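Both complexes shown next keep subunit A, but they swap its partner, so subunit B is in the first and subunit C is in the second.
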Partner chain A sequence: MNKSNARLGWLFASPYLIYSLIFFLFPLLWATYLAFTNWNLIAPDYEFVGIQNFIQAFFTDTVRAAFFVTYKFLAMFVPIVVAGALFLAVLIHSLPKFKGLFSVAFFLPYLASGVASAIVVNGILSYNSPFNIWLRGTFGLDINWLGSSLLAPLIIALMMAWKFAGYYALLFVAGLESIPKEIYEASAIDGAVGWKRFWHITLPMLYPSFYTVTILAVGLMFGIFTEPYVLTGGGPDLATHTWQLEIYSQAFERLNAGFGTAIAVINSVVTFGSILVFRKILEKWGAKHGWE
Partner chain B sequence: MPNMVGNKPFKTTLLYILAFSVLIVMVSPYLYMVLGSLSPWDEVDRRIIPTELTLRSYEWLFFGGEGVLARPWLRALFNSLFVTLSSTVLMMATAILVGYSLAKLKFRGNRLINNVILFQMFYPAVILLIPLFLIIRYLGLYDTYWAMILPKAVNLWAIFMYTNFFRSLPDELLEAAKMDGASQLKIVWKVVLPMSKSITTIIFLFLFMERWVELLWDMLVVNSENMLTLNVLLAQMFGPYGGYPGPMYAASVLLTMPILVLFIIFSKNFKNGMQFVLK
Partner chain C sequence: MKKFSMRLIMLMVIVSIVASGCQSSSSGGGSGSEDGIVTINFWAAPNPSQQAFWTDMADKYMKENDKVKIEVSPMPESPSSEAGIQSAIAAGNAPTISENISRGFAAQLAASSAIVPLNEIDGYDELIKSREMKETISTWKFSDDNQYVLPIYSNAMLFGWRIDILNELGFDAPPKTYSEVLEVGKKLKEQDSEKFLWARGDLVKPTWWARWFDFFMVYNAASEGNKFVEGSEFTADDKAGIETLEFFKNLRENDLLLTREATDPFETGQAIMSDIGPWTFPYWADKFPEMKMGENFELSMPPVPDGVDPANAKTFADTKGLSIYASASKEQQQAAFDFVKWVYSNAENDMKWFEETNLPPARDDLSTNDTFKAYFDKNPQLVIYAENIPNAVPPIDNEKTVEVQELIGKEALIPVLNGEKEPKAAWSDMKEAINGELK
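On to the complex of A and B.
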């Protein structure tokens, strides 16, 4: 509480303060201004265009594609990753030994760079790969995986699920470990065993973990860039064209810095709104099961 | 428990077989990558288990061949290591100092800073992308290491984690060290850090991993081939070198191995540290 502590406090905090000034506050103000201009990154002069960028965004195909593609990703990714993570967590939790070893092993996919995993997936799905030859030979199925506007996003969703399931599983494991044993013992007397116990006791008790994992997974889908950028380039027919790809291509390929910033603002509002809706839905569901 | 009645050792064996199969599935993309990088070229993506192992893909990667010039892959590996290490060390150092000052040096304004940090953590970073790029350009840092390091020298999540952790350390201990005449910096170094080993390991791992796989930012602010990180070079070469999948796998191995090794070295502290991070 003394004076030297205060001086030292500010001194220790100063790297953060300087950083925030240059790399947060300043760009924040600049972005707010840029979003209302028609600047193209190069020209020396540009105009203030009011909300024109935001109106134009509504009528731009690629922006609309990014909007809908994200919900398509959500619908595919969230159920897959939640189910996968829950499965891994139950598996880890039920092992009498080597829990730590398997947690670490299931976490390994999280370390993969999206670029490297895109290269591997591209190889596994290439026309003459053992997998495709087997499909053609055994079932007569000739599938152009990355050329299909339904399968391409599904594959990216699966890649992301592979990467994140082991990570989210740790959240579920923490949830499983926090369920008191007495609840199981009491429920066993009432005849709740096996699947019945899992469905009626374990799952509702895991609500806090479900909540966290779902919100994390939803938020993640609004920020996908690397996988579609490397694997599909947003195609086919914009089927994997995410918000980040749209912002990148508007600002740095078509050089519409003003318009790109406006899209980033829209993306943030949409993300925030969507997460809010998901939270409300989850909280309603939780309240039904007695969670505050 | 009543439901556990039955053939218990049999059930346990089944569980381990299941867990082990799942483990194989989870790591199979890594195995596929390594095997692909060591396969003869006519077997890459054609056979899962190659008939023989060869280093041809690695040789091609580093020395080029048949009219194709070698790209600076080793330089890119160095760039990745240099940028990631510098950036991560800076993020750790600032997070420890700032976290300590917010948790233990109770000065006026520290509550405010705490709240601002929370606000910043939830503020969508994507809005800042374009102005950040412009700032780098105006500062004359475009195409330098600084462009990749400075904007990633402070990490809000790390500050937040350290602040919370340091709050849980008993004040008496720090007071005692102070009585002995230790300076605050020395207290941080000699008393606080040794008590924060597992959380430090975890924060370091997460920061390192995230920095290592960064693509968009490193792609934007750097242009000349000698400055590219491995991740960016690989992403750029993937298109033109599509006809050479073997070397692409070799480069992927180069990109993946450092982080896998680092993680496995530190995995001993993994579970302890995660328990705090996940709270």
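On to the complex of A and C.
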């Protein structure tokens, strides 16, 4: 690369770099600094409290709940959304016509407002909804969907999966489109057809898409806010209390901005660590199938 | 090449520092005065009707006072108006004055010296007198004897009762005491076991503000308005508190509560009692025009324990008001206060507010002043709200309001409703937890 090309590259990249500096790097540094103070964002004075906020976070039951609840969401959401997105992608890919139209149709839930879809789900699951009246009348089943510690997170995970499956399916469709036909032809000669072909050829060949989708899905679970905020408020018994709900409550309801940012910093470290672990697992799986 | 890259990076850092430092120069801070004209920023609640009201008032005031410039804008909601205000103060962009301030949030702001005591501003007594709000504002006094918020409206929260169903059950008026409520409930269950007395999903949610519309409505009635927290002291009435929890326990044991989300349970007759504020009526006019006071619903103050006179019942006041920010200059603070004083010196302006927002102005004379008579004649359901403004207790004025109200739910109300604790033990646990929090 010659000098003028490099200069041009820097020049073209500079708007995004400036944007990142203003909206990501400075706030990150500022938040890290705040995490070591007891500032509430409105008082004229505040003190440096060292690592006190971080120690307090480890002894706060709501922070501990947020930690475990996120992994519970992960365990529910990631398999559902990956399987759902893959199913949609295969469905779209196998269509003889109108692939684009169906791709867009399945992508639409991604554009829906979280608040609006939470309100719709709330209506569907309400005690006197036609669905629940039918369940009670036909099977005698009276299910407290959002009042159960097991069902409430599952419903939120399903809702999120509905929203993101279409988006992630696009990534899988791109992956499916990029598998060379020759590989299928060669495998057919070796007797790999139908389910065998899907399991031994298609899935391993989709590794790059799996990698992207899984990492995106894992990262997403550390940032859930709207759905539990609207549907459950973090209950019942903190069963849907996420990191973002805790950060919001501490920083903006209790006005403990210093403590809230300390939790946000812990959240970023946990997110980073978790993504790293998932990356390693995925890379091992990839390496097993020839992806280095 | 390296030199160029380094220069470019340095340039980007400088540009971004300058850009991030660029803030609106029209903040409440600074002198706000130029060429003898005082500029004040007024943040209105983020809804069109309140914004329209304040914009109209500001325009009229500026016509009469050419030395004041009032810039009315909606307060940011990111994600709540409180968070928006907090961020603005942190960024040095606080307005001069804003509405939509609850008493609990004002306590948090006052504890950090972010708002000023209104009673120390010239003209305060005159305003209270001219707006006829001496009695209403007396319950708003903060523990340091100052007034940080001027209440604009006050919704005395009431219970709505399906009078048509009560009549079918053989009652001709809403019940006033706990035993009367339970009697109604038992008759209701005998008639239709699928129906409930009160359907409220928020009852078992940990959301702190939900306690205003369940626990505090019933507690304020039972305690005749006793203060729950005074300064940093837990001062709640133990007897009334335990009776309140006993009431909830009895409702649960008799299967009279639906603690799940339900769509319009009161309107559809699934439940016959509901906590109702004046904001419900425009919704009904739109979606349930058949809901008519006297025909299928009545309004009443919350029930009281047996042995307590229902005439002394108090309730929760859903109320918000105006605060002036400490970051504004003295000149701006006075100008903002003078504007408010001008608005409230004329009852017609309160009438205009009432018409546009349906929120009852926080005045002692609302139900007796002739200015409002025609409006009440057209909207008889609002009369009882107006009459009970002096009987409505505003929220706790403690900077730990959120923590206190979360503990009410976590330690007392929710465990009692789930059958996990007895009322006495629940009250004692809650008291201990709140005392620990307030220390």
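Everything that follows uses one rule, which is that the second predicted complex is superposed on the first by the 260 of 292 C-alpha atoms of A that agree within 3 Å, B and C clash if a C-alpha of one lies under 4 Å from a C-alpha of the other, contacts with A are read in each partner's own complex, and residues count from 1 in each chain.
Note that in this section contacts are C-beta pairs under 8 Å (C-beta built on N, C-alpha and C of every residue); 3 or more make two chains touch, one makes a residue touch a chain.
For clarity, every value in this text was computed on a predicted model and none was experimentally measured.
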Partner chain(s) touched by A:261 [first = subunit B, second = subunit C, both, neither]: first
Partner touching more residues of subunit A, whether subunit B or subunit C: B
Subunit B versus subunit C as contact partner of A:253, first or second or both or neither: second
First (subunit B), second (subunit C), both or neither touched by A:12: first
Touching partner for A:150 - first (subunit B), second (subunit C), both, neither: neither
First, second, both or neither for A:236, with subunit B first and subunit C second: second
Which superposed partner A:102 touches (first subunit B, second subunit C, both, neither): first
Overlapping contact positions on subunit A, where the subunit C interface meets the subunit B interface: 6-7, 10-11, 17, 22, 26, 122-123, 126, 128-129, 248, 251-252, 257
Sites on subunit C touched by subunit A in the complex: 1, 4-5, 8, 12-13, 15-16, 19-20, 79-80, 82-83, 86-87, 89-90, 108-109, 111-114, 199, 201, 204-208, 210, 258-263, 265, 268, 270, 399-400, 402-403
List of subunit A residues in touch with subunit B within their complex: 1, 5-13, 15-17, 19-20, 22-24, 26-28, 30-31, 34, 88, 91-92, 94-96, 100, 102-124, 126, 128-130, 162, 166, 170-171, 174, 184-185, 188, 193-194, 197, 223, 225-226, 229-230, 243-244, 247-248, 251-252, 257, 260-261, 264-265, 267-268, 271-272
In the complex with subunit A, residue positions of subunit B that touch it: 1-3, 12, 15-16, 18-19, 22-23, 26-27, 29-30, 32-33, 36, 44-48, 94, 97-98, 100-102, 105-110, 113, 116-117, 120, 123-124, 126-135, 150-151, 153-154, 159, 184, 209, 212-213, 215-216, 220, 231, 234-235, 238, 245, 248-249, 252, 255-256, 259-260, 263-264, 267, 270-271, 274-275, 278
For the subunit A and subunit C complex, residues of the former touching the latter: 3, 6-7, 10-11, 14, 17-18, 21-22, 26, 40-44, 122-123, 125-129, 144, 146-147, 232-236, 238, 248-249, 251-255, 257
